[in-house]
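Here the chain labels run A, B, C, D and E in written order, and each chain numbers its own residues starting at 1.
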Amino acid sequence: MSESAFEPKIVGFLCNWCSYRAADLAGTARMKYEPNIRIIRVMCSGRVDPTFVLKALSLGADGVMLAGCHPGECHYIEQNYKTIRRFKMLKHTLRALGIEEERVRLQWASAGEGALLASAINEMVDQVRELGPLYWPGNWADNEGSQDAIQALPREHAEAMEVPA
Amino acid sequence: MTEKVGVYICHCGTNIAGPVDVEEVARWAKENLDGVVLARDYRFMCSSLGQELIQEDIKNEGLTRVVVAACSPHLHEKTFRTACSKIGLNPYLTQMASIREQVSWVTEDRAAATHKAKMMVAGAVRRVQLQEELQPTEVPVNPNTLVVGGGIAGIQAALELADAGHKVFMVEREPSIGGHMAQFDKTFPTLDCAACILTPKMSDVGLHENIELLSYAEVDSLSGFVGNFDVRVRKKARYIDEDACTGCGICIEKCPKKVVDEVFEAGLGYRKAVYRPFPQAIPKFPVIDRDTCIYFERGTCKACEKFCPTEAIDFEQTDTYLDLNVGNVIMATGYDLFDCGKIPQYGYGRLANVFTSLEFERLCNAAGPTEGHILLRDGVTEPQSVGIIHCVGSRDKQHHAYCSAVCCMSALKFGHLVMEKTGAEVYSFYIDMRPLHKNYEEFYDRLLQEGMHFIRGRVAEVTDAARLPGEDGKLIIQAEDTLIGKQRRIPVDMVILLGALQPRFDAKETGLKFGVSAGLDGWFTERHPKLDPVATMTDGVFIAGTCQGPKDIPDSVAQGAAAAARVQGMISKGTVLIEPIVATIEEARCSGCRICNTLCPFNAIEYLEDKAVSYINPALCKGCGTCVAACPAQAISGAHFTNDQIFAEMEGLLYDVIGSNGATVKSPQPALEPA
Amino acid sequence: MSDGGAPTPEKGKLALYWAASCGGCEIAVLGIDDKVLKVAEAFDIVLWPCVMDGKVRDIEKMPDKSIDLCLFNGAIRTSEQEYMAQLLRRKSKVLVAFGSCAAEGCIPALANMNTREEIFQTAYHDTPSTDNPDGVRPQIETEVPEGTLHLPLFYDTVKTLGQSVEVDYYLPGCPPEPDRIWDALVAILTGQLPAPGSVIGATTTVCDTCPRTRNEKKIKEFKRTWEIIPDPDTCLLEQGVVCCGIATRAGCGALCPTVGSPCIGCYGPNEGVVDFGARMMTALASVIDSQDPDEIDRIIQEGIPDPIGSFYRFGLANSLLRRKALAHNGDGRVAEPA
Amino acid sequence: MSRSLGNKDDAFLNEVIEATPGGEALVTCLQCGTCGGSCPSGPDMDHTPRQLFQMINAGMRQEVLQSNAPWYCVTCYYCMTRCPKQIPITDLMYTLKRMAVRAKLYDDSDAPDWSSSFIGFVESYGRSFEFGLATRYHLTHSPLRKVGVGPMGLEMIVKDRMPLRPERIKGIDQLRTILDTAKSLEGV
Amino acid sequence: MRYGYYPGCSLTGTARPYEVSTKAIAGPLGLTFEEVEDWNCCGATEYMSLNKTAAYALVARNLALAAGEDKPKDLVAPCSLCYLNLRKTNHYMAKYKSLGKMTNQALAAGGLHYTPGSLNVRHLIDVIVNDVGYEALGARVTRPLTGLRVAPYYGCLLVRPDLNGGSFDDTEYPTHLDRLMETLGAEVVDFPLKTHCCGGHMTQISAETAYELIRRLLHNAAEYRADLLVTLCPMCQFNLDAYQTQVNRHLGTDFHLPILYFTQMIGLAMGMEPKALAIGQEIVSAASVLRKIGTAVEVEEAPQTRRKRDDKSLPMPRIREG
């Protein structure tokens, strides 16, 4: 494969009140940004379970963006502070698993910050493109030659191990 | 999966159909996505014909799920939900894909746009099949309303409701209602006397049979939900028996202790330790200020008690608590004035004759400390020249980035009053003049004609360090006159600082108490900046006046009335539907670990000691899903945003990575692109 | 379980197997005490390498589905284990992933934080006790004068039984508690079973059976067990100790927290949970008592120095990400279209 | 979102922003005049800082770089501290000085020459040298004024406050290497 | 208390009295200064006018030399201009990543590296009022400066720019020097121009501009009947002291205001000999005003706090703390 052909696939979780509206605004303002992000709407960034991020990566996404209201501006008063904590905890774990910093990003974008969101998406796509594919399932897809080795066993049993009566 | 999904791709004229090959998206969805029984593209899905198209298909083809790929759900989700429910399909069985805002308007390459649209449709199709029927719950609305704050916005709201025949509880922190407006002398641009137009409304509130006025009181706690709030109000001890007091004022007269009045007189005048902020105060009962009263300080005095003709003084009084039940809450908690001392170069607090706008209002007010004479801090000398500085703390990233909206007009009003009362020269230093409303520009024109000087330039500093002839003994205002491009020094006798309007010092705490969020600048956040300006994210809690942002009296009154109208609507309807997008705890799975207990800012989660499990009150839950994401036992599920629904959407969005069967495939997307 | 007088139904066939695991599960089976006799009443044991002699080729020769119940413990870390899993799957009517290793990888799967190469390097070179001057490494095939010798292939990534073959039921625990084993056996024998693929066990978590008092939680600092002497009556987590009881399936009777030791999660996640670690991460993060990003960072970095060990001690193989990134990941990837 | 689309004038603006740490704030200038009002040498400037910013916005390169304003900057930082938009005005003044010198557009040479005399000593000795600086600079620039301040200089020497010999640091070669590298990195 | 010490060029020349008095009081106050080895000029206000990156690299060399495991974390500069340049470079290198990177690339050419933020750059007065403290200082006063009317003059660069709230005192109306002088027993005038500009390098390139700025300061201090100005910056001291005669001649004024360093004042109050503090090296002699010290001077009556019956004056605003 040629590296230039790689287009990252990024899953975005955007809160309904700020970031999703920022995406609406980016659209209304016709701000062009990279098509690599695919957005899931959640009511609050506080809904984003670390499982969602892990799931996206395990499915083969190359990056995940979480976006929500700025701290102190949450429509649910203070839930995005929980997002900060979970995000930091998750990153702590992802770091241990060898996943690069740039692949999972927390971005604040208020409803008025379409441009900010668009540029954050562009920046992230650039960074992940630079890193190359993650393709997490490839980490275990093969287990190098396991099929051959398994098939060798019954053959061996049949041949070598059978003691003539 | 046995669901029958109908997919509709909207052209939105050429908005979508231009950058996205909509026919191709529809064809692809029909051919590739499990569960899709039909996929159509149509010019305008939101038109009545478009909606009928869906309804026909539900009827004729037996669709059980509907996906509309069009604009943002914020625009038309409601439209399509309603269309489906009209024909008998539960509205929560629809899903939108925002292929206009997120695809056609933001993507340059047509192939990439078409591909992204397909993936988004795949996500919606996967998700919609797992969506469940939901029913909003209906609860009755208590017709009583709590109004917090007795400034002009709160007064307006209370009177509107009371006049319509509904019971209102008004809670006011200070001993009297009236708010900032009661401190003002005149109002712009009409120059009406503020008291003349405000006090009749205040006494209406005081006398209204439907209004129960709780002054010198604060809301202690609020719980419950729209239609049914429980409020606990703390009535601070007045040390005056309200039933016995006639409001004659002898206690005030006899009180030997005089202190600076930091609130009503803005620190510019004095009051007694037992006081009524101003003669027309509503209610009429005075308050004994425990912190300054000689009796409370030293244990002797009681002059007020000796002279009170009705034995209304009660030094033994304590704070009392009142429990109320209301259906709705209107918050009109107002603003604080910016602390002008935070900009030391303007000399406030150091240079005697630098005043704040609120101090100046009191100076001008016939009922104020100088009986309406505009005098310097010595209390004797009339100024011969006055400088007015705009934007003190406003439009300044170091303090408040926003414009305080009222200062330009205040400056004009002050200029007029100074010239009228003293004949002094008036200089106004502004960045931009913003006389924005009806008859405001005309007022500006009038002041120009009256001879007020306007210098376009933000003041650099105010100093008493004279260095040029004519500066000795004056305050010198130094600024660049930006229209000339030269630095100027204007010596004046008095400087008025138009301090910014800023959120109440305790706004954050108040917001938490009422479940109302605030923006970075600290003002309470409305539900929608344009289309829902007085509602908040908490159903049944409305905001009016300056607690939502800087505004002048007409706008505050309009918001007070608007909030009242919203409440009346709720009362008239009698019941409210509560959004079914809430979280629930499956009791059998809950181990009562109590992780979730502190997570809900709306106090929807309670711990049931007897069952040792946690419980979510659906009426209080706002559906944010934070607890759902937190539950370590995964005992909490969030309706309409379940894990499975979100996983399904994710799998659809990554269709090009994982293929149709959900298992990750190694060859990402070759078959997907049109050749 | 038939009583003496009734006619004895035809005995079922039972197999027990041991893959990548410590052997504790084998002992746990014996933990059911005299009830093991009842097991013997109900079943003929056709394979139990730990206890009795047996030959794989005998199993290979049995007709498919001729074993009624197979209790398989241990994770899959070699080709031989995977072969045995496939074989026993084919021959068994009911295959049970017995114990944490088979169910979710357990301690052996912590090896997924390393590669085969790193493990061999440690085991055959780096450890001080290793004396291996020739640098010998295990080979799959070795030619000797007598012919070719074979060793199973050692995998890079440890798998759970469920990731290798279809599993009917899971019995978690490290090891499973004897009472739960017995409950499961009864359920199997009486046919009172949940849907295939599910866990035989509770649907709530350890807190449910923990005697400690629980309150609202706000945590300012996570503590290691040696850092405090916990109050005997209060929830350990509230005292800052990372206790996995909140997320761990009930079944053990809260043995560890009862005696003052935090739950480490051996019973795996609750029903329906896809990633145990995620549940721990999100729950703990949610109750950190700070809104200051730097302080939050500090609390996490200092309090949880080893997130994998804390959150994935038993479930790494069964987690969504399964292992640490391989340096050579991407080998199997196919070019993306332009 | 590039700001420069379709505006030919922005080249100069962008150049100024690029050369100034935090310079992006320049585009948010309110034209309020706090800078010009606060400036101790404001009355001597041909354009106040605020005007220069508007001229930069208008792309008036020649006029801006010929302005005396940056050279009258006393670096008191009043403007920068008071600016309601937190524009790094003092840093922008430095930028304009550098650009003016490089473009050879500022014709009153006193100020730039004072700077370069100063820098000359720093680059030769690693330290400034007041006596040398005073004599060299004043002899070339304002011999008359030198006479005026002469007695003061003498008094400084008498009061032991003006060493007559410069001190050279040990690592002067290292310093020069660092400075040369910095200059080449900046493309000077 | 150990500190890294960056004297700067002025302290080896025009500001020798500052250096001498700083060294004189350091020991008794328990301050140990370790001079940065082979430090170079900070570039003053000049280097930046011609080269940006080189100007930061020039300063950063000093930071790199001052930083190190075994070296004190606090770097003290008595000169406000040096203090500003060191502080600003420290701050900007961290805040503007590309600047930080380029500066370090330049340093690398000289075999050096500096991690921004690894040092705390502090002004001498910060150390004295915050680390030594008013109380400890007050306890050492043996010859209170009673009767001396002092105008505390801060100048610009001690408090400005703010650098994200990193300023040592208020940017417009600092008070630490005021309080310090009060601690020494002096009578402090509320000097309105305390943070105004002394003219900076304008004395060199546009004397008229500078003379006017100097005149303003002297005029205002004289208006307030100050006996002398106390300063903490060599540039301020030099401009006000050395150019005072020029200003008088040029503008027809007649100022005679001695300009002393705060360190000299501390030394005096601690009972040190004027000569040991290099007093006498100032151009405008302080000899006559210093005679006041120790002489009994009538203390002005405290202003009436009680409000007179016929007093119509309005209360002054209450100033909120912080």
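By definition in this document, a contact is a pair of C-beta atoms (placed from the backbone, for glycine too) under 8 Å apart; a residue touches a chain by one contact, two chains touch by 3 or more.
Predicted, not measured: the structure shown is a model, and the values here were computed from it.
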Steps needed, at fewest, to go from chain B to chain D via touching chains: 1
Report the chain whose mean Cα position is at the greatest distance from that of chain B. C
Going by C-alpha centroids, which chain is farthest from chain A? Tell me that one. E
When the contacting C-beta pairs are counted for A-C and for B-E, which pair yields the higher total? A-C
Give, as an integer number of Å, the spacing between the C-alpha centres of chain E and chain D. 23
Using CA atom averages as chain centres, what separation in Å is found between chain A and chain E? 54
Between chain A and chain B, what distance separates the C-alpha centroids? Give it in angstrom. 36
Between chain B and chain C, what's the gap in Å when you average each chain's C-alpha atoms? 53
Counting only residues that touch at least 2 other chains, which ones in chain E make the list? 172
Contacts with two or more other chains occur in chain C at residues 274, 279, 282, 286, 332-334, 336-337
Two-or-more-chain contact residues of chain A, please, as numbers and ranges. 31, 49-51, 55, 78, 82, 86, 118, 141
Along chain B, where are the residues that touch chain C in the complex? 588-599, 607, 612, 626, 629-635, 643, 666-670, 673
Spell out the part of chain B that touches chain A in their complex, as residue ranges. 72-74, 98, 100-103, 105-109, 112-113, 115-116, 119-120, 123, 511-512, 515-520, 525, 529, 537, 581, 599, 601-602, 622-626, 628-630, 638, 641, 643, 646-647, 649-651, 653-654, 656-658, 664, 666, 668
Within their complex, state which residues of chain B touch chain E. 260, 262, 267-270, 339, 341, 343-345, 348-350, 352, 356, 359, 363, 369-370, 375, 377-380, 461, 463-467
Which residues, counting only chain D, touch chain B once they are in their complex? 30-39, 42-43, 47-48, 50-51, 78, 82, 84-86
Chain A to chain C touching residues, read off their complex: 1-2, 5-7, 49-51, 54-55, 57-58, 71, 78, 81-82, 84-86, 88-90, 92-93, 96-99, 132-133, 135-136, 138-146, 149-150, 152-154, 156-158, 160-162
